[in-house]
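Both complexes shown next keep chain A, but they swap its partner, so chain B is in the first and chain C is in the second.
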Partner chain A sequence: MSRVSIRSARAAAAALAAGALVLTGCSSGGGGDDDSKDSKAKKQGQDVSYTFADAAASKGPAPEVKGARKGGTVKILQRDSFAHLDPGQIYVSDEGALSTLMHRRLTNYKKVGDNKYEVVGDLATDSGQKSNDGKTWTYKLKSGVKFEDGSEITSKDIRHTIERKFAPFMTEGPTFIEEWLTGKGPADARKELPDGPYEGKHLPKSMIETPDDQTIIFHFKQPQAEVPYALAMAGYGVVSEKKDTKQKYDKKPLSSGPYKVASFKSGKSMKLVRNPEWDQNTDPQRNQYPDAFDIQFGVSFEDSTKRLMSDAGENQYATSFTNQVDASSMQKVRTDADVKKRSVSGYQSYVSYLNINNDRIKNKKVRQAIAYAMPSQSIVSAFGGSGGAELAGNYISPTLVGKENTDPFGKLKKPQGDVEKAKELLEESGKKGMKLTFAYQNAPEWQNFSVAAADNLKKAGFNVQRKDIIADTYYDQIGKVKNNYDIYHNSWGADWPSASTVVPNLFEGRQIQDGSANYSHHNNPEMDKEMTRIRAITDPDKAAEEWQKLADKILKEDVPALPMHYYKAIQLHGSKVGGVYFDETLHDIQPTSLFVKK
Partner chain B sequence: MTSPSQATKPGADTPGPEDGGLSSTRAAKNGNDLVGRSPGQLMWMRFKRDRVGVISACIVLAFFAMAALAPVISKLYGKDAYTRYGQQAPVGELLNDNSYPVKPNGGMSSEFWFGIEPGLGRDVFMQLVFGIRTSLSLAVAITILSVLTAIVIGVAGGYFGGRVDYFLGRLTDLMMSFPNQLFFVAFTPVIMALFVDPQDEMPTWMRACVLIYVMWLLGWMTLARLLRGQTLSLREREFIEAAKVAGTPPVRIIRKELLPNLVTPILVQSTYMLPNFVTAIAGLSFLGVGMPEPVPDWGRMFAKGAEVYQSDITYMFFPGGAMVIFILAFNLLGDSVRDAFDPKAGR
Partner chain C sequence: MLRFLIRRSLGAVVILLIISAVTFFLFYAVPRDPAMLACGKNCTPDSLAVIRKNMGIDEPIPVQYWHFMVGIVAGRTFAQGDCPAPCFGYSFANQDPVWETILDRFPTTVSLTLGGAAVFLFIGLGAGMIAAWKKGTIIDKAFSSFSLVLSSMQIYFIGPLVLALVVYNMELLDQPKYVPLTQDPGGWFMGLLIPWCVVQIIFTANYTRLSRSSLIEQLQEDHVRTARAKGMSSRYVFFRYAWRGSLIPIVTIFGVDLGSLFGGAMITEWTFSLPGLGTLAVKSVQNTDLPMVMGVMLFAATFIILFNIIVDAAYAFIDPRVRLS
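Presenting the complex of A and B:
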């Protein structure tokens, strides 16, 4: 899911010294780690499991939420306006959260227990039938599922949904299915159907077949094990073939989910109302409790946190899709019992990495020294402690299937970094005193971390040059293959709970190009060969295991980048909002189960 | 009006009308022989009688002593401003899981007198002492440079008059029209692009120099204008004319006749300027464009304080309190100095 949006810098509150003098006197202590139990319980998140569900589990309606009632309006506080409403253009998490209410897909995630998720059929009757060679996937559609205009969703609409993603104006969404169908990279895949379906052309039957209105068959060039995951992405939400308005669809899409857009003022507000054509008996995951959602944009993380903490007036009926508790309010949220019981938390799939530019630092000992010296605890602190982050031992996020708790560089045992060991390694390499340019985003978290990191690196014997880069252009700067920096951080999250969208993106040699996620420029043909081998494994659990092994091997043997922390988030809701839980597949509150309490 | 220049010579028995009269009556009251006193001595006598002034002076001196002796204090106290004590201890010992101090009142204890910085876990007392050192060194440097510039430009303009005065006056106006914080924010990246290798960090000394340079460049104008006005009026006085008639060269007139008469406004103004610079530097740091981490900085402590005030208001207390006390003391000192030099004005 590419870059993490930067938690915006805290508002420069003009807290005058004189004012502080009056207010000050005492502040209660932060107290000990009364949250330790909490965080230990959460560590079990590593046993997260996903199953591909059968037809029985894919039947509607969704189970009723305890205590839920129909009616009322939920107020949603969001920082950013939605840039896209066309499902094919959706790839960022806040639009993804919105799309759960509006756009149905072939498959969908459903939480069935703590850390247990099922991939169920949403429009389809099950999560997909795979041929023996893994190349052909067949989906049967449920009957009686309709768009908001009352027209029934057929396999032609599904085919259209895929085909329109080849059109030149579709620029933002995921491209996995297109790449798998054509067996080509994202740019070349488009050439198979340059105008999309709009000139009357369709993909050949050797790629997509629609034998009848209820059946759609995908023929992939290679065996694919993770099709149900890919089809559950918001980017593959269904689009009506007849009512497709191309670019205009982005402003006025046809809803297939429980809610539809009543009004949308970009940058200001949005109102969602019930979609009467949605039939809960066909939907295994979504509920439809509130009469409406009233979304307000432009509310910063600090503001939404303060408003939800106060729980006064209309804020009682408020929550947010993706606004989190900001790092500076974390202490208050986690120690105030009244606020704490109105919070939900969980892992996000993002992991932060400290990339070591492999083109500039070729000496492995130096890279190891850097890895040992890094104080990972400092970045966890900067993100607000265990509420916002967790120490990372390896490249794989706890939200992914097959995650193991390996720790090749001892980051969990020595969270402050092992400066002695780094010093030794650097001396052995004979590069003591070498200049090391450390680029970081000038957001408060990374600035704080850079102080600690530079301190440790200096002690280890590096001549550290810190370069802060404006947050807006940071990824463009470090994304250049010929950049002038030695070490720099990035964050990456998986598109679905499998490491297949992490390891190759970050460490495959052929990915190196301007703007690619292989920021460390790791290029080892032996590892690339391993990746090709693992991709062909059809058993997802087996593949997950192999990905974890390969990730550890890369980390241990090549040290192209150091994993620093796994992202976590705490979100708040008003006291009158019920049915709130943190969905780890969305990385935020699941909108479809919310209701308004009496 | 200030006293005429002749009076500055100790023991001169041709004093100006005002001060001379004053000193003789004083001396007579004390029952001693007639003692001639210089305005400097008189000022000192008056100043000593001003209790507020003396206390303020002591406080100001204490701040400067603290800044100058920061390394000694650090040694005696046993901590420094850079070590991340809180982070290096296991989580839960000094800083809790959310990286806020475990103990109440910002982690104040016999070991950490002013508490621990949330996040990085450095010692607040040391941060403050070294932060004051940074801010005061910068402010003193800027003040000295600004005062010197103001003297040269103000006196030259006032004394020479005519075209010189016109151009210097316009220059002063021009410089006054620059907003100095904005100018600094815009100016730093330019310097960086010009003088720093893109792979390198801007060295701390260079950042300090840029800061001093910009604040100096935009900080001398008020005093220069004031001095020009004073010089204009002094220039017409008899003793200057006498010196001119006697053929004294202009440089000597300025040095020996004019400057001693300008000491009062210069001293009074600089005691107002210095705290202003301290707050201006703190303002820049608050905006995040002052001295960079990890150099301890007074102003940046406010930025941090504003960030953490919800959960750790104590952190704002010490830098805030210190700043209020310092500025207040310095301004009161300025008032007292003015009163002592010129008892008729004010009050």
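Presenting the complex of A and C:
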């Protein structure tokens, strides 16, 4: 997710509460209560682990959830309507949660313990077999997996799912597989199959092969270590070749998961009912307990929080896929035992960064001075304290594999900032009194932070000019390469639990263009070379370790941006909803284990 | 009468044209790119160009405006399919046809506004009448003071308060919701009861005060005194002469208030998460969804103008002294 909206960011200002322990063998999400014994261990390095699973772990059915029963309707309160139902157009988390119930992919995540996940075969029999130094990945499909119309899913459907993403109308989904197959950037990759598969053309066998109905082989231009992660994205949910209606598929997709759409009124409501063609024996992760999900849109965070806290009437049967507790109710959620036991919490994928415009501030000592001066604690407090945010020591989120607790600028030790050190560095640079334009979103959190930050910077010897920018246009403004600001914040989250979709996006020189996530305009060929080297490492754990090292090196040596905080979230559910847990791969409540209590 | 209607209708068309042009061109005055919002995480200039073309925003703004306005009268064809007149296009945010979305949301807003209007007219006029009837008494003073307190309240304050009390704590009523009248009249009534009672508060007070003062004024008119002198009962005089006369300023204000009522409905819908035109308008603005913004604006404006014409025409029936020519 590239951007945290003001509303969701505000809601991320969540207080922690104890996660409800409902899954057999699983405990709550990464958060946990502030006062609980294990919270210290989980802070910063929560030591999350992912393994690419074999065929045995990829077999269905999913483990039964303790106390679960079939039947009933779960009411889901959502702020935003689903803009897309076509899996190829899905990237954001709201649709991601829905997609888990409707669209199966080649691979999927499965929680197997506290902070332990497996990437299992979903449509495929395992998480993938690599050969040719990681350039070739082979998937065998399980037999008997069907779409909601009863037709069996074949390798031709998988090929079609990938190929249709080359068509001009597919603009919002991920593009990783397409880029890896063609060895080109997202724009040039499309030119390999400009109309998608709709004019009878296919990608050459040197890219995708389907030797039989059960086998699909990907030939990538470079070795790829993280294919199972990429294929588990909602955006690679399977689309039926025979029933593809192009743009119209977005309104009426064919389900392959345990639920299908019975009715959908955009912005108002959606009803999901059981998909009788879904066979639990083929699915290692999903359950199918409720008869239906009754989704209501347009429910603000404030409204859903109040409803779920009240637990009155039909709200007992309600929860949300992605609505979080709003900031004004944090205190009540933390202190009211009845509400607290109906809450789950954990880390979001986002990290907030204070970018230093490297085109305008070329003196490293000045950048270091800014980094030391920043009072990171102020932004943590602005987001509701330790519940909604956590101090960041480095660029890497605690949700990522290989996360280390390094802290090059001493932000954990001196969360209020080290003004003396900043002053010293600024004097050494000979830039004392220099003008510094500080742009920030006009949301309350960032406004509060900007006051504290400007105060520290002034004390350090900067002449700070604060620029309050309307939230709606903020990212357009700071996204311009030729902007007139010296420092500005942004938030970024990984696409899967590896820093490979964080470090290059934020700091690779070739990424610099209007609207790109390299907001600091960091451009160091030596670091870029390192990124290329790490991308070629085929052992994911080794690569994770290297990404962390490189991220720290960039932070320490180049100081293009300062990591400020890791986002957290808290969500509520009614007392009659069971099977609720916070899933670190979705960063939200996992819908597939929910059930209605008696 | 016919000439009046023709003249007013032509005026209405001019007003709507002005509103549409102002909305359309103001939309582009804000430095936001709707294509950017639909471009996903790995946005490239190429995919932006494709999206702009799909949305039809790759053309000069006046040309876009022309196509949009022609579409309303003659229909258009989009990648999503044919869009018969009145065509307001497809939503930028979710590709839904704008006109169908508006028609889908309209019953919620109509139920809310007309129901709310019924409540505030009933309570407001009733209280005003009693206050005027009992002028100078403790009842009059109590009603006047109470209306003053109510008029200083706001929907976004009262709404959550009522919800907390009636729904969450006392559990007397279920969560407000919209159920179509045709589907379940009982559910429709119960679902909207709280929103009606809340949306009326900003209007009831005004109508109490207005109807009280208007009635008192009417009671002092010559024709009312004459009627009394003729020996008619005070009740007959009150309702037959004074009350009817007092309705004229109320009808005038009511016509104007229908516009505010729509505004009030917007906040009420938001407060109670009701899927009406109000929430649609707010969401569309947030999503930089031009076709939806235009559709809702023009639809709402048409209704407000229409009600104004109806109210003007209604004068003639209430007060024979008024001539439309």
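The working rule: the second predicted complex is superposed on the first by the 562 of 598 C-alpha atoms of A that agree within 3 Å, B and C clash if a C-alpha of one lies under 4 Å from a C-alpha of the other, contacts with A are read in each partner's own complex, and residues count from 1 in each chain.
The working rule: contacts are C-beta pairs under 8 Å (C-beta built on N, C-alpha and C of every residue); 3 or more make two chains touch, one makes a residue touch a chain.
What you are looking at is a predicted structure, and each value in this text was computed from that prediction instead of being measured.
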Just chain B (first), just chain C (second), both, or neither: which does A:314 touch? second
If we overlay the two complexes on their shared chain A, which of chain B and chain C does A:398 touch? Say first, second, both or neither. neither
Between chain B (first) and chain C (second), which, if any, makes contact with A:578: first, second, both or neither? neither
Check whether A:190 is in contact with chain B, with chain C, with both or with neither, and answer first, second, both or neither. second
So in the superposed three-chain picture, is A:385 touching just chain B, just chain C, both, or none of them (first/second/both/neither)? first
What is the contact status of A:228 with respect to chain B (first) and chain C (second): first, second, both, or neither? neither
Looking at the overlay, what does A:303 touch: chain B (first), chain C (second), both, or neither? second
According to the stated criteria, A:237 is in contact with first (chain B), second (chain C), both, or neither; which is it? neither
Interface with chain A, chain C side, in the complex: residues 30-33, 36, 38-47, 50-51, 54, 79-81, 91, 93-96, 101, 104-105, 160, 163-164, 167-169, 171, 174-175, 270, 273-275, 279-280, 283, 286, 288
What residues on chain B touch chain A, complex-wise? 82, 84, 87-88, 91-92, 95-107, 118-121, 198-201, 286-287, 292-294, 302-303, 305-314, 316-317, 319-321, 323-324
Spell out the part of chain A that touches chain C in their complex, as residue ranges. 1-2, 81-84, 91, 168-169, 171-175, 185-187, 190, 247-248, 250-251, 265-269, 296-300, 303, 306-307, 309-310, 312-315, 472-473, 476-477, 495, 513, 515
The chain A residues in contact with chain B across the complex are 10, 12-15, 17-18, 20-21, 23-24, 26-33, 35-36, 39, 328-332, 334-335, 375, 377-378, 381-382, 384-387, 415-416, 435, 437, 444, 447-448, 450-452, 454-455, 464-467, 484-485
